[in-house]
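A single structure is presented below for examination.
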Amino acid sequence: MVDGIERPLDVLNNAKGKEVLIQLKNNKQMVGTLLAFDIHINIVLNNAKEIVDGENKRSLGLTFLRGDTIIFISPANVVK
Amino acid sequence: MVDGIERPLDVLNNAKGKEVLIQLKNNKQMVGTLLAFDIHINIVLNNAKEIVDGENKRSLGLTFLRGDTIIFISPANVVK
Amino acid sequence: MVDGIERPLDVLNNAKGKEVLIQLKNNKQMVGTLLAFDIHINIVLNNAKEIVDGENKRSLGLTFLRGDTIIFISPANVVK
Amino acid sequence: MVDGIERPLDVLNNAKGKEVLIQLKNNKQMVGTLLAFDIHINIVLNNAKEIVDGENKRSLGLTFLRGDTIIFISPANVVK
Amino acid sequence: MVDGIERPLDVLNNAKGKEVLIQLKNNKQMVGTLLAFDIHINIVLNNAKEIVDGENKRSLGLTFLRGDTIIFISPANVVK
Amino acid sequence: MVDGIERPLDVLNNAKGKEVLIQLKNNKQMVGTLLAFDIHINIVLNNAKEIVDGENKRSLGLTFLRGDTIIFISPANVVK
Amino acid sequence: MVDGIERPLDVLNNAKGKEVLIQLKNNKQMVGTLLAFDIHINIVLNNAKEIVDGENKRSLGLTFLRGDTIIFISPANVVK
């Protein structure tokens, strides 16, 4: 559901507590539950898993991601 | 129609709710419906699809794109 | 004609409505009609065409270019 | 335990005095005890060890890490 | 003549109207007549020529160069 | 000794006058005596030596290092 | 002589009028007489010479160097 998205950060706010896919600049991806973010797009995921070439590479648990390494964030399965 | 474009962000404002093509720095492209943007050119697309080498690679749904990874945004089929 | 150019942005202001060549950092070029720019050198081109290795690769129509991907902008055929 | 995490830096604050894994942009990792951080995500680790390809490469002791080289910070074994 | 150079931008100010060599980060060089610059080191050259591997590759005429792509600017033959 | 480190720069302050190891982004390292630093992590070393692949490559003496090229700074042998 | 160096820029101030070695990010070096600098570490050298692989490649004369391309600056032979 995309109603009520006026600003880009609204998407992140709506995704709190839900699973998101994050594409990083180093060709890796992270999936996890979005716990927190700030205006620099620094992100905290819970139950974070690092994915390389489509395979689950590492379970990282609670993880702080620095915003400037992020390409996109997709709360994929949240949309209907 | 390009009347009324005084500042670069006017193009993005006119493209809200329409399909756009976004070229990213990592040689990938995204297409999707532009929902929101801010002055950092952070972007929200709905029904985002990632395109690599001209082929639809992944359907991402609702997606937040960080502005500093974007090369250009083209609301291509909107222009007459 | 280069009279009256006191600051770099004067060149872009004089080129509004005219064809420009833009060299991007990813070794690609764009040509198109300059519609708008801002102090970040974000650019809007109309009838934008992407050029790779001297060949017209894609017609993009109206396009927003993020300033930090630009190396140079040349309103080439405007100068006498 | 992830209660009480409102902002990304809360994760780092909770991890003070505990072991963290830090992924750097140069494909290296550091592990060590988090002593201090600031809003630029500059970090101080004690008993820092540099890890390359999963192997302990160098023991560095007390180390100051510049924030802009960091991809993620994971206080991995702290979470239950 | 280097008298009266107190700040780096004094060199650019003295070079206005004169030929300069500009080394860009993409291993290319530009030569042309310096018309204007600003504090971001955005530059306008007239009669700009792009030089690759020591050979004149393209005549660009009036050209706006974005400051963050510049390594050095040398008003070479102006110095005695 | 790590008592009294509240902020990351405290580590650098404590290391003044002592030998530090600095890892640079270009895969090189510097060792030398830390004389001064600022909030950009610009650094001055005395008796600086450049190290490449573990070998002492060049003795540089007094050297100013620009902060944005630094990955980490380790006052290694100072810690007990 | 390193007395009186409280802040990193003091080293550059003391080196005015003296020969310095500058390491650039593109693996090239410059030597020349330091004439001026600013807080961005923009630099003006007189009698600048570009050095590649230890060989004098080009004499550039008076040269403006953009600060963000600089790794280190060493007024090497000035120290006793």
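When the chains are written out, they are named A, B, C, D, E, F and G in that same order, and each has its own residue count from 1.
Everything below uses one rule, namely that a contact is a pair of C-beta atoms (placed from the backbone, for glycine too) under 8 Å apart; a residue touches a chain by one contact, two chains touch by 3 or more.
Given the structure is predicted, the values throughout are model-derived calculations rather than measurements.
Considering every other chain in turn, the ones in contact with both subunit E and subunit F prove to be G. With each centre defined as the average position of its C-alpha atoms, the distance from subunit D to subunit F rounds to 19 Å.
Rounded to whole angstrom, the centroid-to-centroid distance between subunit B and subunit E, based on C-alpha atoms, equals 35 Å. Looking at subunit E, one finds that residues 68 touch two or more other chains.
Ring order of the chains (start at subunit C, first neighbour subunit E): C, E, G, F, D, A, B. Contact residues on subunit A toward subunit D in their complex (touch as defined above): 24, 26, 30, 35-38, 42-44, 46, 48, 60-66, 68-69. On the side of subunit C, the complex with subunit E involves touching residues 2, 5-12, 21, 25, 27, 41, 67-68, 70-79.
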